[in-house]
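A, B, C, D, E and F are the chain letters, set down in written order, and residue numbers restart from 1 in every chain.
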Amino acid sequence: MKRGFYVGRFQPYHNGHQAVLSELARTCDEIILGVGSAQLSHTLENPFTAGERVLMITRALTDLRCPYYVIPIEDVQRNALWAAHVRSMTPPFDTCYSSNPLVVRLFFEAGVDVQSPAMYERDRHSGTEIRRRMLAGEPWENLVPPAVVTVVREIDGVERLREIARAD
Amino acid sequence: MKRGFYVGRFQPYHNGHQAVLSELARTCDEIILGVGSAQLSHTLENPFTAGERVLMITRALTDLRCPYYVIPIEDVQRNALWAAHVRSMTPPFDTCYSSNPLVVRLFFEAGVDVQSPAMYERDRHSGTEIRRRMLAGEPWENLVPPAVVTVVREIDGVERLREIARAD
Amino acid sequence: MKRGFYVGRFQPYHNGHQAVLSELARTCDEIILGVGSAQLSHTLENPFTAGERVLMITRALTDLRCPYYVIPIEDVQRNALWAAHVRSMTPPFDTCYSSNPLVVRLFFEAGVDVQSPAMYERDRHSGTEIRRRMLAGEPWENLVPPAVVTVVREIDGVERLREIARAD
Amino acid sequence: MKRGFYVGRFQPYHNGHQAVLSELARTCDEIILGVGSAQLSHTLENPFTAGERVLMITRALTDLRCPYYVIPIEDVQRNALWAAHVRSMTPPFDTCYSSNPLVVRLFFEAGVDVQSPAMYERDRHSGTEIRRRMLAGEPWENLVPPAVVTVVREIDGVERLREIARAD
Amino acid sequence: MKRGFYVGRFQPYHNGHQAVLSELARTCDEIILGVGSAQLSHTLENPFTAGERVLMITRALTDLRCPYYVIPIEDVQRNALWAAHVRSMTPPFDTCYSSNPLVVRLFFEAGVDVQSPAMYERDRHSGTEIRRRMLAGEPWENLVPPAVVTVVREIDGVERLREIARAD
Amino acid sequence: MKRGFYVGRFQPYHNGHQAVLSELARTCDEIILGVGSAQLSHTLENPFTAGERVLMITRALTDLRCPYYVIPIEDVQRNALWAAHVRSMTPPFDTCYSSNPLVVRLFFEAGVDVQSPAMYERDRHSGTEIRRRMLAGEPWENLVPPAVVTVVREIDGVERLREIARAD
């Protein structure tokens, strides 16, 4: 059985993440999603709590054919320990899928198999763009799965982000 | 929709936990399992990592009729913040189910509905007894779901516990 | 009895803070002053220790008609826990007075009454301006209560700030 | 002007503490009360939050002739830094008054004047005895100032302690 | 070139440690000594600071034929990260030498070669016995290298331990 | 006997540091090198682990005439405690040598003798320049001792830095 690990901050979970997961579901028997920087919320870069992000992901993945785990992972503030930290918080996995060069490097140095094909690039930068649109009052709903729109509304997420922005 | 929260250290996950969850599955629409003291492992009281505990639970619950979340929750070392910490790491929930008096008190003071019927008592102390049997070479396998026996074997869990015990 | 909570970093305590407190003294029976980011000192943004800030505030408030508490509050590095953290460190209060949008949002989500009238705006940005003047050798003494000038002199505060500035 | 520092956990504040403070008020111009282990609460040894302890102290000291500060002090978990930590959180002081040998030693090694006359012994162990009586349903009210009885009732303190005790 | 790692708390450094190091000097080209629980001091179990322990070791090893490193290692409070933590703080090493079963297990699970011959047992428990003798006023000097006696005297170590003991 | 303390992040150790140490070796009997921000690695500003930095320094100093200690020092995130933290991790020293104004100020306020002659300026900014050259593929080897070139190659340091740079 092949278990794959995929990590992101998911601020918010969006279509780029969804596309990657659909792809991973074809090559893995089980997928672990790590929700990074789990302890952060209510900032411009990290508006949503780990629990809210778990909810977004779970609701958006109801049709995924592949069993998966959603695991909040708090930062340890020491890059040299991060790979060991991730492994202590998750079931054992064979391969890490990531396009983040720091993640790639840290798992590589820890002796973990990492795959970083161009495909995974599609999830980069979209989170930043979605948060920018939320702040600017521009349409962002088409960049995320419908279930995420629902969760953001339930938690009053856009208004939260705008209030926080006024604090800077 | 009613979402319930149930927390334990699950060192290891055992039949008492399983019975509580079967009961909760009848009254809740969704269940959140909080894996407490997630950062601890390789001690006499907490031999298994959070990831190993997530694996035990997930494999043992394959037949549960009710959707559920398994969320590792690290300690914050300050009781007055614990309820807020739990809520930041989990999807919103309506009721906390627990027989641990400290958990009951902390959620009560945080204004969360807590239910603590005698039924939930059955999960107490068993973890201690199972770890004692593992150390003593006595049979423990009948106290946990079969899937947990498999996980403990895969991770060489009994031998780990015995080695740690020699460190005291 | 009505107890109000007012929080700032007070780097340093200045006339804007003093004006807010005079106003609060008219509507509250007791006031709690939270000295935020209490663990920080000796930086450009946070030159003074919590103890030095407590001293500034206490000396400047000798004529306040209203009983008050001055409570250092260390950061918890997790916004979702901040409101619970503040409440664990202070006597119970009814209303938080703040013009900081993040503070307003965090207490709002925690179910605490928050008031944020334009009046409280007057305390914003002055700290930055005072520190800029201290560094530039421009007059800053008229922006703070006389007692604060005395404390800053006693602790050699302007020279400390200038030395730190050379480290960047 | 002579400023004295007196530290305790004040779980709860009691007549022994009160007697020491009456004595200190005669020899100091100002007193700083450090509320130690400020981050702890809801445990058998530390049932009350820092804020609740601040409230007990302040209400019990309304008649003290001497100006005083009440400062919550979180643990830093490293004895070698504790004296520096205390000094960063408090206004400058000349003398530390304590009968706790560890406190005495740490300030002594940090070059701070420490006084530890037999008189201060009277505050030792009483906290333990009061908590034992609360748990046992025996009278404890005569061991604390009347204002502390009121605060403990307001916060439902005895019931909290008893619930916590059942968790062990 | 073969580099070996040897870890202890060295409270204090004693003849058992010295014997192990003499042995290791014959089989290794370089030795790394990890000074564990580096952040602890001024407790009954850990009376000496990391710096004091570094001094003891360095002075006692002046005649060691083998180049060595003495590295203070703070606890990370998570066993699953400890091996990665140690490796981030030290030059790369081939083998860990230890008779502590937890250390042996953690390095074993991290894929590090560990050797634990009976010989290394001789360093166990002596620290406890030396501290007991210091407290009881019994002779302890013959259990440590002469250089350690000198350091303990310079830092007034026995008196520190006795004062701390009165705090319990 | 005179013991001097010299602190840096040594990212990487370079000729400026080496020149300072040669100078210090003439005026001190023993030198303590503090490896600052020891917990950081794998970032643009701090690419190397503490252990790798210890290795660079030790290999580059094989000819130093003066006994020395190399001590990793983790950040404590509170400037007011930093001087006490350093002293707890190192053997006692008489003088701190530094051209970093914050270091100078913190030791000055802690009552430690600090020397900061122009000579020590030579170590400033070179680390930044070396890391820039590594990233740009420009020659950097002439700015560091030959032993450091060897270590950086052994640990694949330039490639690590370049990978990390792509993460921003």
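The rule is simple: a contact is a pair of C-beta atoms (placed from the backbone, for glycine too) under 8 Å apart; a residue touches a chain by one contact, two chains touch by 3 or more.
Note that the structure is a prediction, hence the values are computed from the model and not measured.
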Chain labels contacting chain C and also chain F: A, D
Chain pair, B-C or E-F, that carries the greater number of C-beta contacts: E-F
Self-contact between copies chain A and chain C, residue sets same or different by half: different
Listed chain pair D-F, C-F or B-C that repeats interface A-F [over half of contact pairs the same by residue number]: C-F
Distance between the centres, which are taken as Cα means, of chain E and chain B, whole angstrom: 37
Inter-centroid spacing, chain D versus chain A (mean Cα positions, whole Å): 46
Distance between chain centroids, defined by C-alpha means - chain A, chain B (Å): 25
Where chain C touches two or more other chains at once, by residue number: 39, 41, 49, 78, 80, 87-88
Full enumeration of touching chain pairs: A-B, A-C, A-E, A-F, B-C, B-D, B-E, C-D, C-F, D-E, D-F, E-F
Touching residues (chain side chain C, partner chain D) in the complex: 38-39, 41, 49-52, 54-55, 58, 69-72, 74, 87-92
Residues on chain D engaged by chain E in the complex (per definition of touch): 77-80, 100-106, 109
Interfacial residue positions of chain F with respect to chain A in the complex: 39-43, 49, 160, 163-167
Residue numbers on chain A that touch chain E, as the complex places them: 76, 78, 80-81, 83-85, 87-88, 110-111
